[in-house]
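Sharing a structure here in structure tokens format.
We just call them A, B and C in the order they show up, numbering each chain from 1.
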Amino acid sequence: MTTVDTNHDHAHGGHHDEGSYLTPRGGFWSTIWAWASTVDHKKIGVMYLFAVLFMFFLGGMAAIAVRLELYEPVRQAMDATGATTITGQLFAPAGAESIDTGNQIYNRLFTLHGAIMVFMFIVPSIPASLGNFFLPLMLGAKDVAFPRVNLLSWYIYVTGSIFGVASIILGGVDTGWTFYTPYSTTTDADHWRVFFMVLAAFVLGFSSILTGLNFVVTTHKLRAPGMGWFDMPLFIWAIYATSIIQVLATPVIGITLLLLLFERLFHIGIFDPSLGGDPVLFQHFFWFYSHPVVYVMILPGMGIISELLAVHARKHIFGYRAIAFSSLGIAAVSFLVWGHHMFTAMGELSSTLFSALTFLVAIPTAIKVFNWIATLYKGSIALNTPMLYALSFLFLFSIGGLTGFPLATLSTDLHLHDSYFVVAHFHYVMMGGTVIAMVGGLHHWWPKMFGKMYNETWGIIGCLLVFVGFNVTFFTQFFLGTQGMPRRYASYVDEFHTLHMISTYGSWIILLGFLVHLFNFIHSLVAGPKAPPNPWGGLTMEWETESPPIEHNFHHEMLVKHGPYDFESVVPPHCDEAEFPLPPPQEGAGH
Amino acid sequence: MEHSIDDTHIPNPAFDPLDPHGATHADHGHHIASAGLLMGTLLALLFFTVLTVFLSRGEVWFQDTFSVVLPQWVNVLIAMSIAVVKASLVVAFFMGLRYDKPLNLFVLLFCLAATVQFLLPTTLDLYSRDWVTNEHKGEIILGGTGAGLDMTTEGGLFVKASPRPNTGGEPLFEFRRQQSIDERASAIAAAHGHAAASPEDMTQARHDFWVYHYDHELHDTGHTRRHPDDLENVFASWSVTRASHGADSAESVARAELADVTSSSENHSVRHTGRTLGLFDEHAPGTDTHADDASGHGEDH
Amino acid sequence: MATIDTQRADLPAPGSEGHPLFWKNRGHGHHFRSSAEEFDACKLGMWLFLATEILLFAGIFCAYTVFRTLYPEAWAEISHSLDWRFGLLNTVVLLLSSWTVASAVRAAQRGRNGALILNLVVTLICAALFIFIKLKFEYMVKLDLGKAPGTWFSYPYAENPQVPLCWSIYYMGTGLHALHVIIGACLLSWVLFRAIRYKAYGPTHYTMVETSALYWHLVDLIWIFLFPLLYLIH
């Protein structure tokens, strides 16, 4: 890649006049302050990364606890003397007389798992951490458009998360993460914890809006000279589509939760039939945001997969425009389909309409998957951790997507709704899609972010553990769901015991896999070998700069001279041709 | 290389390496709206505002005068069309979208599209829920029955914040009506020196209530049209207060008395102690003493 | 970054030509290539923010549409106790303020600091007037009578069971709008302060004036729809 140097001509590497963004300036406290008051998108991205990973840890612990509770069915027996024995209930307080208390604890646990994972982890996860770090780098920009707004968004995120954690400390909520009325307006009437959890989601929405707004403007205004819309990496397209959804959908959750808070505090009646309101209206409001937000969760993951597959298979991405436009297509369709969460609540007319529209989602999604598979064809595939995660994504996300069909079909959904089939479906999409993509992307960009290589062997071991554990955990739940196991129950009939046990074993395997990753990353930070500027031979612009990047991202004003996926014709920056050989020129090669 | 949707990624022609901060560029080339255009826009907006009010009032007059009922969509269509025209004027000229980059217009249009997409299916669902099978009708069509308002909430923080009354499952508006009648009855009883309201007091109170209701709330036509002596008609209260200063006609004296009783804008408490005795006194939420009293209640409506 | 320490003692007096916040001395963020680009970016950002605001109000409008469709009689009852004359008055006040704020932008573009200040002051007066009318002649009178939202409702002469619900939507809609009026007034006050103290806005630097004005026009836009929906449709 050629760069145009407007100021002075440096040879690549060996700059000592401008340190990396990680280099501490001054003592301990001044470094802390420098991070806390930074407007550097890279530092904010790293702060976001650690914040969302902490939330992922909290939510993950709740998930492990949920699976532990489900390891055995809860049984309540009464002997001849009238004494009650409860077995199989993990969280019942000692000497409990009935299973109710333990079941309520279970309700709180799965609500916490859902609320934390959705609002505090998965929505901000990829865009706010990896997106924040790499969007300006990939665009060849020095920063996002509004750096201070970016920092504000992080603080709002932290504030919202503190409210969420406060709600947990106060005892947790049992409304489910969807806050459906009347659960959310009548339960725990003597406590502030539901208030805090709803407030947390409300505040986090602002953080999401500000991030999205910032990214849209950055993409429009700060692309490096020479970078047209179709010269952007596909990760940027995905983040751009995500940001549009965030900007257009998140305000609706704002007003929804505001109305919910007023309903709860002052009983204004908009969601209360006794005053003429309608609880189903809340569901409409809620899902108008929360369905598009499903694509806020998955689209950045899809963007990461596009990058991983192209770089680690050393192939020009197949169907660049199709993938780019399908991102926008998914964003557009996402606003048309929210009603499929409410098939059992709505009238037939709307249900039919929404069912038909829901199938539209399959088109852009399938376009992406087919293009990814075509990209792999005749690629020189490196089976390293990022690539294995990308392949896992293709496998798991396809299962997640295809099991959406029976749920979108009105007649089968009436049987499957609120069963473990739904649970398995969205975990295949959310975890098998987004989380897998995020961990893959984290491995891919880890050398760039922190300047250290990770241990490839342990990375692969971790990846395999997560992949196997995931399937053991959630594939069983498809069977549970079709056999009639409803979601959100602490107990179940004995017929489901084996499958639930297998599912719980799977959750332990996942936990083990993530622990392997965690120690691998810590080891990398402490003792990992120094990363070269471009370990994978990537062509996008973040690989042009040092690892980790210098404070102002690039030494030069960037000017784009080649596309992000021209692996057939361009020697990657900082790499020699022996390492990443170009294919022999062919008739009709290239794109 | 493709051309993009907007062209700002091309090295900016105004970018000058010798002057990277653009300090010497005196003019950005932004459109400056002329004063006449702004004033014209304001006048057009004021015109349309008056027009929409005029048409709305005219419609009321038309319906009253010729005793016809216009379909509601006429009213909605006229008011909303004028509102859209006014909004377009503000967006185009005050907000400058007429001269701005098309991108900003796209932002607005996408946002409006999302708004429509939000409103239409939601309204469609709530309106059409009982079209195919009746069991989906649910409570929404019958909403406001107050069926959920018979629960006593346990003590705690939210009981103070959320005044959820125990109406005994009655609709809220009927419960408030009964509350008002009960208060009249106890006031009458107090005036007669009884400890508790007798059945005669209740009858009298109910009579008083309905007389007052028909005098001041439901007016001569029986429609709920605004009446000049409406309790909250602040304009009427002003004219009454003014008239009472130089009053000599019997009518203005009467109106001044009415103003004292019902709608003095200086002292609301005067109005509270008018014919609706104790109606607006503070009620402690949850201290519902009328639950037992519901026997004779409901026969009036 | 063009971060400037305005407290330094060796700086020229605020408002003088040498002060870094004087409009001729304003640069642009280091990550932008020119101040024109920064201006465009800020304006696009503001429009996106306005889009979020419109969608925030869309929730209110949605609730309105749904319940108006379901309970037309209850809404007719509400409209009749909303006085169109106050609605009209407030509409005129807001339209006037929209005009003055547009003129303020024009004044900044032409470098007339005095006209900028004057227009902003008139706008702020209009904002205060709007809130005053809303509170004094509408909210307080209605709340006194018991026409309050939801279960606060204690007006004994209602005719329809859904009237308390309709009042809830009225208060949520107009209350949220009034909140936006206050936020907009705060933004404009900040602009006014900077215009008076630093002469911070001129032909090459008026981003803050422009974006605050856009926000103010949005407040006007919302009211343009709230007014007929609440006061005129019956």
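Basically, a contact is a pair of C-beta atoms (placed from the backbone, for glycine too) under 8 Å apart; a residue touches a chain by one contact, two chains touch by 3 or more.
What you see is a predicted model; the values in this text were computed from it and never measured.
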Chains most often in contact, by C-beta pairs: B-C
Most widely separated chain from subunit C, with each centre as the mean of CA atoms: A
Whole-Å separation of chain centres (CA-atom averages), subunit A against subunit B: 42
Rounded Å distance between subunit A and subunit C, as computed from the means of their C-alpha atoms: 36
Centre-to-centre distance between subunit C and subunit B (centres being mean Cα positions), rounded to whole Å: 20
Set of subunit B residues in contact with two or more other chains: 8, 11, 103, 110-111, 114, 118, 122, 126, 140, 143-146, 149, 162-164, 172
Residues of subunit A engaged with two or more neighbouring chains: 220-221, 248-249, 252, 266-267, 275-278, 281, 284-285
Overlap residues in subunit C, where contacts from two or more other chains coincide: 37, 40, 44, 48, 51, 54-55, 58, 62, 66, 70-71, 74, 151-152, 161-162, 164-165
In the complex with subunit A, residue positions of subunit C that touch it: 1, 29-32, 37, 40-42, 44-45, 48-49, 51-60, 62-63, 66-67, 70-71, 74, 149-152, 161-162, 164-165, 168-169, 171-172, 176
Residues on subunit A engaged by subunit B in the complex (per definition of touch): 6, 182, 189-192, 220-221, 223-231, 244, 248-249, 252, 264-267, 272-278, 280-281, 284-285, 288, 335-336, 339, 346-350, 353-354
Contact footprint of subunit B on subunit C as seen in their complex: 24-25, 27-28, 33-37, 39-40, 43-44, 47-48, 50-51, 54-55, 58, 61-62, 65-66, 69-72, 74, 76-77, 80-81, 83-86, 88, 91-92, 95-96, 98-99, 101-103, 105-106, 109-110, 137, 141-142, 144-147, 151-165, 203-204, 213-214, 217, 220-221, 224-225, 227-229, 232-234
Residue numbers on subunit B that touch subunit C, as the complex places them: 8, 11-12, 14-15, 20-23, 25-30, 32-33, 35, 38-39, 41-42, 45-46, 49-50, 52-53, 56-57, 60, 72, 75-76, 79-80, 82-83, 86-87, 90-91, 93-96, 100-101, 103-104, 107-108, 110-112, 114-115, 118-119, 122-123, 126-127, 140-141, 143-146, 149, 162-165, 171-174, 176-177, 179-181, 209, 213, 216-217, 224-226, 230-235, 268, 271-272, 276, 279-280, 283
Of all residues in subunit A, those that touch subunit C in their complex: 39, 136, 141-147, 149, 209, 213-214, 216-217, 220-222, 247-252, 254-256, 258-259, 262-263, 266-270, 275-278, 281, 284-285, 552
